[in-house]
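Each structure below is given as structure tokens.
What follows is subunit A paired twice: with subunit B in the first complex and subunit C in the second.
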Partner chain A sequence: MWLPFIGLLVGILLGLSTGIRVPDAYTSYLSIAVLAALDTLFGGIRAHLEKTFEEKVFITGFFSNIILAAGLAFLGVHLGVDLYLAAVFAFGVRLFNNLAQIRRLLLERWSKKKNDSPTSL
Partner chain B sequence: MIFTAVTTIIGFMVAIQFQTTKEPIVRDTRSVMELRQELTVEKERQQELMEQLTKNEEMLEQLQDTSNVETVIEDAIDDLKRSAGLTEASGEGILIEIVPYFDQHYQGGAIRSVPSHLVRMLINELNIYGAKDIAVGSQRIVSTTPIREVQGVTLINSRRITTFPLQVRVLADDPEQLHHYMMTSEVKEYLQYENLEFSSTPMKDLTVPAYDQSMRVRYMTPVKEDS
Partner chain C sequence: MQVRVKGRHVVLSFVLLFAGFIIAFSYQLTSDDRSLRADTGSQWKVEDDLRNDILMQQSVNRNLTEELRLIQSEMKLIEEEVANHERRYFNLVEDMDKLRMLTGAVAVTGEGIEITLDDADYVPDDQHANNYIVHEMHVQKVIDELLVTGAEAIAVNGHRINQNSYIQCIGPVIEIDGNRSFAPFVITAIGESEQLNLAVNLTGGVVDQLLYDNVEVRVEKKNEVLLDPFFEEGVTS
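And then the complex of A and B:
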């Protein structure tokens, strides 16, 4: 349960300690990649709670989303259209949907547990 | 396990993004020459500030030493009035005369006055080459002197400057040098284009009149100490 959080911390520490900097021109790609990764992560958590989680789908989704988002941003820069906004919008909407679903599932689970064991209170 | 790997990657990316956006690298691209120039400017400023400081300290000392504060303050006020141009000033300087000059092919109307932009240019050049006090015609140039053109006539201090020859009296520490500078100045050429001839003579004794109107101070108010 706590392993992902430890992983997150390790990642942040690793990133801060290496001191890698991305050139200014590529910051938008990185930010969109982060957004895509977050989207996939929350999608994975939701799938896990719904018990429809599949490792292969998750891993492929993770990488393909990042690459696609960055590619879209790249295309947008070369076409002179802010296409990365489309990716930001799509990922943002999906992120919120996933979060809402996760919340609902957790609430459901919590209330079920409460009903199952009324004597414990 | 997979989640852990994914969150690690996310954490890594977030950390990099954070570092990148937090402190963008500002590179100092100035060359040695530019740095030297800036250093010189700063040194000059320091010098100026030091001079001011010494002057003020001297005045403070005088105020503390003398029992008669009034004379010191009066001296200071006189000094300020002199530098503001409210008193007559005399000393070494140059006399510039501007007269119309017509050759036989001249076409065009009468010349009524020296164009205002040329007067401005002349004053700027005089100031660059070390003029202390300037009077154009009978008008003393002070820091708020307006030089305008109204209906083809130049007005200085809201007075018409139409007489020829136009005499510009300039006080300077080194009149000989100022004279040489002015004889090779750009404004001389520009005056020639307007059919005006420019001559300058160094003078041993020259008097510039005082500014005869009341000074309007618009953006300053006296400071009152809370006591």
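And then the complex of A and C:
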């Protein structure tokens, strides 16, 4: 059960300890990838709360979103169109949507629990 | 069931590991970037300072150029003035040369005339010899006539005459500026010889009057006359 959190911690430590420098031109791709990853994570959490979580969809979505976002930004840079902004916008909107949804679900669950608990007690 | 759950956890943990890695890496990069950006900020400041310096230098240069132009125009004025002065000096020198020629300070040469006055050879017994010799008055008359006609330089027996010259009778000789002269008196004048000749030979003119006074007169036109400068008691003026 704690394995995913251990994985997260190890990942954070690894990320902090690496001394790899990414050229300035590619930092935007990285930030887009971060956004995509966050979006997929929160999407997964939401799906889990909605009980529609599917492992395959989550994993493929996680990686393909990252790759697609970075690829889109790359394409945009080479076409002279700021597709990077479009990706940031889309992921941002989805991120907030997901967060809102998560908050609502949690509230719902909490209030249901509150309603349930007095009857059980 | 247990295995399946574990596999799922492993996959999830891998995904989270990746996500954590990416986020942490990005965070680290951004913080690095921020410090770098501070560097670029200082660089920008340096650039700004340099640009300001350049602008300042340019304005200073502009001011200096203006000053230079001003000085150049001033210099031009001064040069013109100097040129005027030079012209004036040149004129002055020329004038001085002419005046020197007139005052007899320098030797002059040119076409002219030579008039020789001599005592009469024959003196009748019943006449006084005084009436048959050349008097200073005669020389004076010739010189006056020559001056009036426009002679530029005159000398008597080689002694240059100038504005201060005097001609004095001291018995049998004539003194001109302290130099004694005896007959015959050779009066040399520089000027237009034709005109001088005509003026002297006028009917009832100087030559006629001299002849009337029993003076032997000989007028001779000369193409080249050389007059020595005027010396006053050995001092060149």
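Just so it is clear, the second predicted complex is superposed on the first by the 111 of 121 C-alpha atoms of A that agree within 3 Å, B and C clash if a C-alpha of one lies under 4 Å from a C-alpha of the other, contacts with A are read in each partner's own complex, and residues count from 1 in each chain.
Note that a residue touches a chain if its C-beta (ideal position, glycine included) is under 8 Å from a C-beta of that chain, and two chains touch if they have at least 3 such contacts.
These numbers were taken from a predicted model, which means no experiment stands behind them.
Judged by the touch definition given at the top, the superposed model places A:68 against neither subunit B nor subunit C. Contact with both subunit B and subunit C is seen for A:58 once the two complexes are overlaid on the shared chain.
Contact with both subunit B and subunit C is seen for A:22 once the two complexes are overlaid on the shared chain. With both structures placed on the common chain, the touch criterion links A:37 to subunit B and to subunit C. After overlaying the two complexes on the shared chain, residue contacts for A:8 are found with subunit B and with subunit C alike. Annotation: subunit A residues 3-16, 20-22, 24, 27, 30-31, 33-34, 37-38, 41, 55, 58-59, 62 touch subunit B in one complex and subunit C in the other.
Those residues of subunit B lying in contact with subunit A across their complex are 1-21, 24-25.
Listed in rising order, the residues of subunit A touching subunit C in the complex are 1, 3-16, 18, 20-22, 24, 27, 30-31, 33-34, 37-38, 41, 55, 58-59, 62, 66. Chain contact summary for the complex, subunit C toward subunit A: residues 8-30, 32-33. Residues 3-16, 19-22, 24, 27, 30-31, 33-34, 37-38, 40-41, 44-45, 55, 58-59, 62 of subunit A are the ones that touch subunit B when the two sit in their complex.
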